[in-house]
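By letter and in written order, the chains are A, B, C, D, E and F; residue numbering begins at 1 in each of them.
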Amino acid sequence: MSLRKRASLPAVIAALFAFAIGLALTVSAYAQTAAPMTPEQQAAAKAAEAAAAEVAAAAAAINSGDTAWMLASVALVLMMTIPGLALFYGGMVRKMNVLSTVMQSFAITCLVTVLWVIYGYSLAFTCYGGTCTGEGVAWMNNWIGSTSRLMMNVGLNAVNVDLAPTIPETVYSCFQLTFGIITCALIVGSVADRMKFSALMLFIAGWFTFVYVPIAHWVWGNGWLATYGVLDFAGGTVVHINSGIAGLVGALVLGKRRGYATHGGETFTPHNLVLTMIGASLLWVGWFGFNAGSATAANGRAGMAMLVTQLATATAALAWMSAEWMVKGKPSVLGIVSGAVAGLVAITPASGFVAPGGALVIGIAAGVLCFWACTSLKNKMGYDDSLDTFGVHCIGGITGAILTGVFAVGVFSGTADTPGGTPGLLEGNAKQVLIQGVGVLTTLVWSGVISLVLYKIVDVIVGLRVDPEMEVEGLDLGLHGEAVH
Amino acid sequence: MKLVTAIVKPFKLDEVRDALTSLGIEGLTVSEVKGFGRQKGQTEIYRGAEYAVTFVPKVKIEVAIADDRLEQTIEAIQRTAHTGKIGDGKIFVFDLAQAVRIRTGEQGADAL
Amino acid sequence: MSLRKRASLPAVIAALFAFAIGLALTVSAYAQTAAPMTPEQQAAAKAAEAAAAEVAAAAAAINSGDTAWMLASVALVLMMTIPGLALFYGGMVRKMNVLSTVMQSFAITCLVTVLWVIYGYSLAFTCYGGTCTGEGVAWMNNWIGSTSRLMMNVGLNAVNVDLAPTIPETVYSCFQLTFGIITCALIVGSVADRMKFSALMLFIAGWFTFVYVPIAHWVWGNGWLATYGVLDFAGGTVVHINSGIAGLVGALVLGKRRGYATHGGETFTPHNLVLTMIGASLLWVGWFGFNAGSATAANGRAGMAMLVTQLATATAALAWMSAEWMVKGKPSVLGIVSGAVAGLVAITPASGFVAPGGALVIGIAAGVLCFWACTSLKNKMGYDDSLDTFGVHCIGGITGAILTGVFAVGVFSGTADTPGGTPGLLEGNAKQVLIQGVGVLTTLVWSGVISLVLYKIVDVIVGLRVDPEMEVEGLDLGLHGEAVH
Amino acid sequence: MSLRKRASLPAVIAALFAFAIGLALTVSAYAQTAAPMTPEQQAAAKAAEAAAAEVAAAAAAINSGDTAWMLASVALVLMMTIPGLALFYGGMVRKMNVLSTVMQSFAITCLVTVLWVIYGYSLAFTCYGGTCTGEGVAWMNNWIGSTSRLMMNVGLNAVNVDLAPTIPETVYSCFQLTFGIITCALIVGSVADRMKFSALMLFIAGWFTFVYVPIAHWVWGNGWLATYGVLDFAGGTVVHINSGIAGLVGALVLGKRRGYATHGGETFTPHNLVLTMIGASLLWVGWFGFNAGSATAANGRAGMAMLVTQLATATAALAWMSAEWMVKGKPSVLGIVSGAVAGLVAITPASGFVAPGGALVIGIAAGVLCFWACTSLKNKMGYDDSLDTFGVHCIGGITGAILTGVFAVGVFSGTADTPGGTPGLLEGNAKQVLIQGVGVLTTLVWSGVISLVLYKIVDVIVGLRVDPEMEVEGLDLGLHGEAVH
Amino acid sequence: MKLVTAIVKPFKLDEVRDALTSLGIEGLTVSEVKGFGRQKGQTEIYRGAEYAVTFVPKVKIEVAIADDRLEQTIEAIQRTAHTGKIGDGKIFVFDLAQAVRIRTGEQGADAL
Amino acid sequence: MKLVTAIVKPFKLDEVRDALTSLGIEGLTVSEVKGFGRQKGQTEIYRGAEYAVTFVPKVKIEVAIADDRLEQTIEAIQRTAHTGKIGDGKIFVFDLAQAVRIRTGEQGADAL
């Protein structure tokens, strides 16, 4: 039994590796063999050939400036999770749980990376059937991408012609990978202090596959939500609402932390907010890669995304701080940094679409609403969202997604074909707010329901929660055999 | 006067304090200590090197009381700090020759 | 009374937001209406039109490589303040004040961002009357810029044709914003451990407006110091002398920290120099964005700025360490990192103008002089510059500003029109040293005097200093209701 | 005596500075004078002239996108050492030694910078005689570069035409400098907790000069190992094997730490693995600059290098974690971050040569082999490699260097002239594995032997090891007069 | 011999030590403790959750002395640790059965 | 019963504990303290400001024992904590009025 427990997860990982190596062999072998084809296959092959020609042309179009910015953006966004988010969360828990908390961010980074390269990118960011735009798009592409990029089987100069035509596809894949990583890592804020490490790993593997990959495809991979018109520049729905609701469901399924809110003692005070401040700062800095990087180019739109990000973040931080100062009597470090993160979250979907005026309103709304969610709503409802993933990311994400529909400046998203772009309510397009609402609801429902199922399955397999004794004596020693001295 | 020293598991601190307070005891002093005893600590492993952590975290509660409160104090501590598992800790009692409240200069039981 | 205290500052912030939103509405409305014009207005309009045409042309000239580097530079320079400077300072105070110290950097980042977008950039980095060069420049432009960029009311592809013609103006604005942030945040090093948070916020709002914005315009916005010929590549005067003298004045006005230098105990030992080391390292890394970014392009001048920055920093660090080793008997972590920061400060004004040989001398001079200022001068004079903002930034800034006049290599600043650029003393242009001196003196006097006035005003409004009891028991709990456990 | 001790090292540094200034004067004077020449000199001059013309042409070829990425890469790689490596190591030692450990990384950064600018870059990255390719290459260039870049005496637009033709030479020099820094800084992991600071500084000065500079030239400066065909994209041999073996020799010469392995107490537990996690994360993030930056361009090869780096790192982290989980029963934070670093190390030589499939195998191999080296091999052999520089960097580096010869994809290194590039064993070129082996062995022997000699020399001059008492009471107070409170 | 234990406000430590030193006392031992008493701690607020910090930081000073120094020692501590505000702390006195200086093996008052 | 308190150099802790264990003593309690005495601390220097560190780190070991073990306990501590250098520390002995094991309620020497 103890052996079984010991060996089970590592064995799964070993199997995963074996599978991936097999896949790599297959994929590269496949690239070299030519089996006889059925007529449909031939048609597909022709399409593929045409696509290949297009790729070759596009390869010539790799722009070194755009590539430089996107390479830097990958570094920035990875830094958001490790060490950024790890520290943001790690500083808020009790000292006996800090290592287990940072371990979660780090291990999720590793796990999602491997899954991403094997199948995540291909299913999310390519088009089913190979055609992304125009008549030829397959109906299935509404739901899921293709298998053409399994194991990231591409050449040096391949590009994703539809989504990022001026940078190498490897870079685009890495960039999108870092989004997948942080989305999964955000969830741990809700279940911190009590979830088993092995259970978390299993849950994340499932959640990544059945929630993140499809929703990313729907919104960003020319899937049905994209076609429907949902605007989400850098991930209000895909990243924040998505992880926030998954976190809330986790908090509800797991139940409260032992001793939470039953005592007035100092039991649940954050042990080191300096770590949290470092984390919030690195999130802020890295978020430039997140939002301005989502232009996938070093151009004016990236610049505007950066500017509104900076403004909304600062505004939300001051708004939360002011609200707290008025309501509680003191402005706090945890307050101002939480406000900054709330602002970052809310401006995320809006960043390529709104001007500074809109950013200012989004910032104020995010700061005040998330403050209310974390300090009032949570207590009224009585759930124990340990580090407020729901209160900051889901509420902030909804705020931003809806307000994007209000403040979108049409010309910012204009293209050569449609110079007017997609305007928002203030420019007379009231419908956009509803469209945004559909995006929000879809994400809430899909992520909420599938997450619930996954938690239950994992609970049956390995059990979700640590022993009561371990919870009291600390997860660092209990789960990982380590301690901060 | 007596000084009662209790070495207990850290997560029991709040409960013990509440119990003492409800006896009418108005002050106590707490420190973080490491205990060595029958209860074995966990093992820390760093790159293959295993360190048996022989010391486990405890808190020491010191409370000065008038002689007539000794019994109920001991009882209160034992009741609240008790889990029945090895490592629950000890209560030690000392005679206190003198006590002074610095603020007022009061001496003896008045100082407590 | 307590309510008044509670509500006052947050209320001010709320008012600020309201004003900004109003401004945003006005600005965008204004852009769409056309009121009848006076003849002068018509002339101005014509000039504006011509400028607009120029802008359009320039927009086409946005260079993706330059933009990529400047986007990355914004991230690097923001990282200098949060978490860089926050940690550099936070590690040097006592444990009970660490959160209040990092809070100051974080809150200043937010406050300056909002003020910058509303009016800071426009007043500092545009030209009064709309014309920056040649005959048509308005006399007023010597003193202050225009209101044409209030609320950063620009399109995606706008550029600042005079100051950064190859990158989006949004990016240039963000870049310059990060300079404003760190300049304001540097000041807190002198007043740490005893200044009220509310007083600091008010002071910074005033100082940013009446000291930073004008001086930035004078030196970098084609103002009178620029015309006069002062060389300041990345901010020796604008950033370091400016904040350093404001800090010293603050230290003098506030008086010594309670218990400072009266006891031999370990009372004032820095609580965690690991944090300070992290901060100094991030300052160093981020400073590449600061200095090489000040080329506003990814070119040879940026490269040379990076090289001399690296060399001067390392040299100054070794110089301070060696001086300390000889004088005090041991080389210390605080010593070597202070030396590195001194070197970064001193090379800042020189970075686009000098060659490695000059950088080496600047590094040695900065290391030794700042060591002397922090260890001897301060004790002799008896002021309590808590974390040595004056000793490192003002003294280092003066060293660098003057030596720029000595070591400037003419061709480095050469343009197509004037290939010889501005040489320094070693190339026979002794006058440049005097010109540099004028820049230094101007900054010392303007910043010193206005700062003094502002401290006095703030003292009257909310009081500058915390209660004695709070000073002894720690600002973290007292001001912010938090503690590091 | 005490005075001698105090003054000796700072005096050496002062002398170094004096020498450098003299050199700077000479070099710039030399650039302006024209002494009569011998015939050989004239020939050389002609070659130089031709080269100069080529340089001028190349200068026009500076690509802003490539330059933007390389500027960013310099910042990323510097961040790897300070604060990255400083924290990675600092978190693993006992609290009383943390400042001395971070001091080592910081001081090495400064020292190597100065030596690099004075002579390191010139000797390593230019070609003896001025010609790098074709017939005219001097035989001596197999062994050492030229003195043409002493004191980095170049203009703004100079480029290194052979090694990095599209970016300013100043940027290339800074980039390579950051490699020299981290290589030297890695060594301290083996000798931590017991080596004198002064001894370390002297050793590093010698090691940089006699080990790092020549090996960098051999492999990357068109030296004999490059000609021989050794593939090392970003430093498997030059950086990791090189420093790893130097560390092991140091650990052996110094002997074990006082009390190491003789007691079962908690004496040697890492004091704060949160710092180590931050360090590992920054190493990971910065490593993108290291590996993708080694393409010296923002192109498809950089993109592929980034992708395989991310994949191998994640894989190795999971592999180490799984191995530990199976063998020791718990997955640990120190384990997973060590695995990540092992993966980064192993993919380093391979990063521009292999595809994702190869990266996956390299990751698994690195994770498992380094886990074995650090947990079994070390204990069996009985050396005290304090923080496992040998176990992670030397073993990981060898793994990567050899497997590069197995998995190299020819076309990735193809050029216009040789589109097939250099394939590996799997593509039928078994010989490459042997060539890689020669690179490995050469590095092991040269670095091992010279390091031994240098340790012995330094031991005679200042003594390698601190007093027993200082070792017990902590190096922070003893060597630096500081403590973390 | 007596052991005098004083629980005082942290920022008073240097003053108390200086006063004791000037009495000719050559050694003492200090530890960081948390006190619970009439003095109420401040409130910490984290995202709306308020935690009344019932424990306030104090330092405990332990000094072993010969019997005849008891009075002046108590007086010195009380004088220097005194602020007049709630929370100034306590002095407790214990009988010391034996004292040994480890370095020399000296016993009794000589060991102090 | 007695309570023996030893203030020793931190790196001696493991040795002392082993010696006591081999006497058959099954428990003890340790805390980190700062000592002031004849041993002078080192000097910390920060940007030219020198702080003489008057307090040096020590550990306090508290062990409750039956009366008849007093001698051997003192001997064991003194033997193992001894280096002969100033600052080796002190042993203090107190009378213990009562001891209770919280887990079982055992009292007196049985509780140790």
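We take it that a contact is a pair of C-beta atoms (placed from the backbone, for glycine too) under 8 Å apart; a residue touches a chain by one contact, two chains touch by 3 or more.
All values derive from a computational prediction rather than experimental measurement.
Q: Which chains contact both subunit A and subunit D?
A: Intersection of subunit A and subunit D contact lists gives B, C.
Q: So what's the Cα centroid distance for subunit A and subunit C, whole Å?
A: 34
Q: Give, as an integer number of Å, the spacing between the C-alpha centres of subunit D and subunit B.
A: Spacing between the chain centres: roughly 54 Å.
Q: Just the number, please: Cα centre separation of subunit C and subunit E in whole Å.
A: Those two chain centres are 47 Å apart.
Q: Touching two or more other chains, which residues of subunit B qualify?
A: 31, 44-46, 53-55, 94-95
Q: By the touch rule stated above, which residues of subunit C touch at least two different other chains?
A: Touching at least two other chains: 63-66, 68-69, 72, 265-266, 269-270, 278, 298, 328, 330, 332, 334, 481-483.
Q: Got a list of which chains touch which?
A: A-B, A-C, A-D, A-E, B-D, B-E, B-F, C-D, C-E, C-F, D-F, E-F
Q: Which of the residues in subunit D end up touching subunit F in this complex?
A: For subunit D paired with subunit F, touching residues are 259, 263, 265, 267, 472-473, 477-478, 481-483.
Q: For subunit B, which residues count as touching subunit D in their complex?
A: 44-55
Q: State the interface residues of subunit E toward subunit C in the complex, per the touch definition above.
A: Spelled out, the residues of subunit E in touch with subunit C are 11, 13-14, 42-46, 53.
Q: Quick check: in the complex, which residue numbers of subunit F touch subunit E?
A: So the residues of subunit F touching subunit E come out as 2, 6-8, 31-38, 54-55, 58, 60, 74, 77-78, 81-95.
Q: Given the complex with subunit E, which residues does subunit A contribute to the contact?
A: 261, 264-266, 268-270, 324, 328, 330, 332, 334-335, 338, 374-376, 378-379, 388
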